[in-house]
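In what follows, chain A forms one complex with chain B and a second complex with chain C.
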Partner chain A sequence: MFNLNNPRFVGWSNYRTIITDPGFPRLLWNTFVWIACSVAFQFLFGLILALLLAKPFPGRGLYMGLVFYPWALSGFAIGLLWSWLLNGQFGIVNDILMRLGLIKVPIGFLSDERFAMFSVILVNVWYGIPFFAIMILAAIQSIPNELYEAAQIDGAGLFRKLFYVTLPYIRPTIYSTILLRIIWVMNFPDIIYGMTRGGPAGATNILSVNMINIVYYRNNFGLASALGMIITAILLVFAIIYLVLLERGEFEL
Partner chain B sequence: MKKRRLQDVLRFIGLSIFLIVAIFPLVWIFLTSIKPATEVYTFPVKYLPSKPTLEAYRYLFSFARFNVYFKNSFIVATTSAVLSTLFSIVAGYILTREQFRLRTFLILLLFFVQMLPTYLIMIPQFTMFSKLKLTNTLTSVIIIYTGFGSAFGTIMARAFLKNLPRTIEEAAMIDGCNRLQVLFKIVIPLLLPGVGSIFSFCFVNSWNEVFTAVLFLHTDRKMTVPVALYSFVSKAGIQWNVMAAGIVMALLPTIVVFMLAQKYIVEGLTQGAIKA
Partner chain C sequence: MKKLAIVSLVLLFCVVGLSEQVTLRIIQVFTSPLRTRVLEDIISKFEAQNPGVKIELISPPYETAYQKIYLMVSAEEPLDIVEVGDWSLSALASMGKLLSLEPYLAKSELTKHLVPGVLEAARTYKGTAYLLPNAIYVKTLFYRPDVISKYGIKPPAKTMDELLEHCRQLTKPEIGQFGFDFRGKGYPTAFIDIVMTSFFDDIDPNCMYLKKDGTLIFEDPRALEGLKFYIELFKTAPKDSINWGFDEQVNSFASGITPYLFQDPDTVGLLNEIMKEGTYKTAPLPIGKGGKAYPTIGFAGWGITSYSKHKDLAWKFLEFFNSPEINAYWCRDYGALPVDMRVYEIDPYFKSEIFYGWTAMFEDEVHYQFTKYPLDNEAWSEWNELHETTMQQVLLGKMKPEEALKVWADFWKKAGLGKK
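On to the complex of A and B.
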């Protein structure tokens, strides 16, 4: 293991190594794409699921149990599981797409640089839908029924009710959930680690995955710590945004 | 009326799609785990095993020592969940009922600790624990998971406690109960759903954690289930039906816990995560 008994002061050199690395801009870009696409689609599908679940129906409790369970599963194991589903040679996703006649030859979802980022985001969206759905559903259920009745009398249709009653009412929940998710998704290397470990050729490498690779494969704790500090600094920016919104009364603590 | 009917049909279709997408991966990994080794690598894919077999599970538990990893994971997850639940309730109780300086600061601090991912503080932790000669012990990861569990658990406990009327506690105090008696005889029994929610949440989190565990537990006898899966990946030549069986075993306990405590977990999550 790394020699921990003789630490040596190296000044800013670890930070310089990270920032001047030719791969660093791509690392930042990947992290940004990973966060933006994952959170946007998790929110969109989570909202749709919550709206579908808003009206009670027989068996709703059981249904929620089945649809929400991915949220409690191990991200790393989920990554491994999906790497099998998306396997370029024996994967069932390729099989289904070919049987449907959508593709002619199997796609290397995880081995082809063009598809790798798309694939890990797809899995992260799958994993993150329940969290948004749970939060939004709870908020929707706290909307007083009178608001809908009033909208009904005014002749509002389905979409008007959604945009003028539901969404404004649950705005605080949406804001705080999205912010929490951004922080969480940025710091969530588990799925990528289970699927690609940042590969192929760094196509899915994000900050958190890179930090773990530095610890496990290069045993360079100093370099990893410097990267950790950079991640913490970015994290702090979001934490401050959160606090500002909190202060403005957008949601409560 | 016709419009209402159409809406219901669309809702049904939507709900079915979400259900299939959610369940399908798990069904598929289970089917892979009961396939004979020869039927795993075929393309076009063979959907159902011609003869279901427990071969992969047998391999897992006899050669791969999964019983040891499973036991280790169970010890780690249960111990840390029990400890975090206990700490969370005591801390949450004090932070809700008492007024003192730095209280708001402490709550905010807990909130930020919750945001920090485990891998960020892995390095200082590793340095510290190796000085204490605690690396490669289950104790080390139990301590770490308890810390993380307590942070989130306290926030959840606070959310539950805020909804608990204080009048009962005050009545008990007038009747001569002290603070501890109030906590254990009145608050905790009333808070049982919350306690279940916190416990399940901490259990699931500890069971699922990989990165600290891989760094801290490196000998075969000390591995937890995620560490074992991790070592499977690097081991060339591991069959995918065995891998699938390992994944099923890793997911199973959390599915059981989630199904049992789903209602409470969802309640705790919505109350705890937002209104920190």
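On to the complex of A and C.
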């Protein structure tokens, strides 16, 4: 690993610098919270959306176009857009909440440590729901109608149909989509970078954002590369889980 | 037959003519639509004066511009002229890919007319000029007389104490009115330092973080006083501003939410586009308890790559860019201060009222002592990240000011600054 300003071999020094940094445990924790909350809520709302869109209703095409729209935008642009929407002074979100009488003073969504991580996750959830919805919807539409008819004859209600027909049938899609999303969300600094750059005071700093900050502020490509390798190593764990599940046939119907 | 010969001859001339075309590749850093438009216009003027020369402008987004430059020059990709800002000069020059401009400067007529201190600033790295500054930046106090006077206050504030007092009187969160236009991210270093050093009267003219006796300012009780003052000033700003950079600051000032702002002259160009004439003014930076204020001269300019195949032509462009007429045009539209003394004579714009803040500071040597950042220190870029994060922790009450000062002192001692 080298520094462009002074290229030389430094051995494991960059890895040591990252791991022994007092802020490293917090970075890992933030990354975990970011992935766990983002993926869990993206899945939950994606599933609900897919179930709602599974049956035809008037204007479904238009509705689908609207809800899938965020997925077509760039993550960085979304980050910048939401940084203005959630701005404590000029943001439209605060304005609406105040007009509705829900709050008296503006909330510092991105400047208050208590809200910053919540806000970036919220935007990421909004951004990622369409992907889950598209994947799950495609899987739901492939479920043979006979299964539902058989369940109906056996007297199954709405929830029984969901838990005994729909979810088991689309399980392979759910597994593979969740694993893919974990990998993508971990590697996805765009929204956080556009909204907070990891601040305030590191409250929203995750591994991939920190990697950009190292290059942006310090121009230290060696240190950033080492962090990149650490991220790759963590992702490797998920890749192995994916391969093991694949091997066990968990992704097959 | 005769016709054919003439056509062939014309074609031959065309081919020869085309093959003689030289292309210069330029990369800019501080990209913005307004700035790119002016730059493209200057480039086309140069091309018109130099037939056979074509200039290709590369305009990456500001956030990634330096990374692109580092990668391009380290791989010696075709690039002749590189924009360099003062805070990145040493990092780029130390890569050994920038050409020393000293031989050109020694022969150039331009050198005699540069604003005092500009060339010295360009020689930040190892005493050699690796760039020719084309504009200078000094922070001053911007204020909104219309907003401030509504609260029965007579602007501008002349001292830091007065500034805090004014800002406290202006701050009424219930109606969305605040005093100070704060900056919490994107290099807030210069803003903190203006306030903190104003508590001193013995700052080293060659390094802002050292006192004249060579010791670090961070271990002096006055630094703690200055830092605590900065925290008080933050209380007169919207809490959200801990997450603000340049864009949010300018927006907040233009909308009147925060009518007191410290900023560089390039803000003038932007404010002139979005605000009515006379709705904002500039004044010298308020002086602090030390009886002084310590501004720094920032600069940006053009460097030439050491591996360029058209070094002389590149220098010709640099000279053209810094000629009084072009420099006046560049600084006027973009809003920076010219580097050529002659510009201040030929263009009355730079003597207009909006530049009062700067001219007053330049003329008052008793209260305004210009100083420098340790830009040639390798730790400089790392400092900006540390300074921003620790300062945010202080403002959020997660770190005591004393702890932050200790972290800063230890950082600079490790980087070899000050007596150990």
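Following the convention adopted for this analysis, the second predicted complex is superposed on the first by the 245 of 253 C-alpha atoms of A that agree within 3 Å, B and C clash if a C-alpha of one lies under 4 Å from a C-alpha of the other, contacts with A are read in each partner's own complex, and residues count from 1 in each chain.
Throughout what follows, contacts are C-beta pairs under 8 Å (C-beta built on N, C-alpha and C of every residue); 3 or more make two chains touch, one makes a residue touch a chain.
What you see is a predicted model, and the numbers here were worked out from it, not measured in a lab.
The superposed arrangement places chain B and chain C in clashing positions on chain A. Note on chain A: of its two partners chain C and chain B, the one contacting more of its residues is B. Of the two partner chains placed by the overlay, only chain C lies in contact with A:Ala201; chain B stays clear of it. Of the two partner chains, chain C is the only one touched by A:Asn219; chain B is not. Contacts of A:Met64 after superposition on the shared chain: chain B is touched, whereas chain C is not.
Shared-chain residue A:Met211: touches chain B; no touch with chain C. Of the two partner chains placed around the shared chain by superposition, chain B is the only one that A:Thr173 touches, whereas chain C remains out of contact. By the document's definition of touching, of the two partners only chain B reaches A:Ala138; chain C does not. Applying the stated contact rule after C-alpha superposition, one finds that A:Phe90 touches each of chain B and chain C.
Using the contact criterion defined above for the overlaid structures, shared-chain residue A:Ser119 touches neither chain B nor chain C, since it reaches no partner. Shared-chain residue A:Gly108: touches chain C; no touch with chain B.
Only one segment of chain C in 3-11, 39-47 or 57-65 runs into chain B in the superposed model, and that segment is 57-65. Residue overlap on chain A between the chain B contacts of one complex and the chain C contacts of the other covers 4, 89-90, 106, 215-216, 221.
Across the complex, chain A is touched by residues 7, 11, 14-15, 18-19, 21-23, 25-26, 28-29, 32, 40-45, 107-108, 111-112, 115-117, 119-120, 122-124, 126-127, 130-131, 204, 207-208, 210-211, 214-215, 226, 229-230, 233, 240, 243-244, 247, 250-251, 254-255, 257-259, 262-263, 265-266, 269-270, 273-276 of chain B.
Touching chain A in their complex are the following residues of chain C: 63, 66-67, 70, 74, 88, 91, 94-95, 173-174, 176, 184-186, 238-243, 248, 251-252, 255, 257, 378, 381-382, 384-385, 388-389, 392-393, 395-396, 398.
For chain A in complex with chain C, the residues that touch the partner chain are 4-6, 83, 87-90, 105-106, 108, 110-113, 196-197, 199-202, 213, 215-221. Touching chain B in their complex are the following residues of chain A: 1, 4, 48-49, 52-53, 55, 61, 63-70, 72-78, 80-82, 84-85, 89-92, 94-95, 98-99, 106, 126, 129-131, 134-135, 138, 158, 173, 176-177, 180, 183-184, 187-190, 193, 208, 211-212, 215-216, 221, 224-225, 228, 231-232, 235, 239, 251-253.
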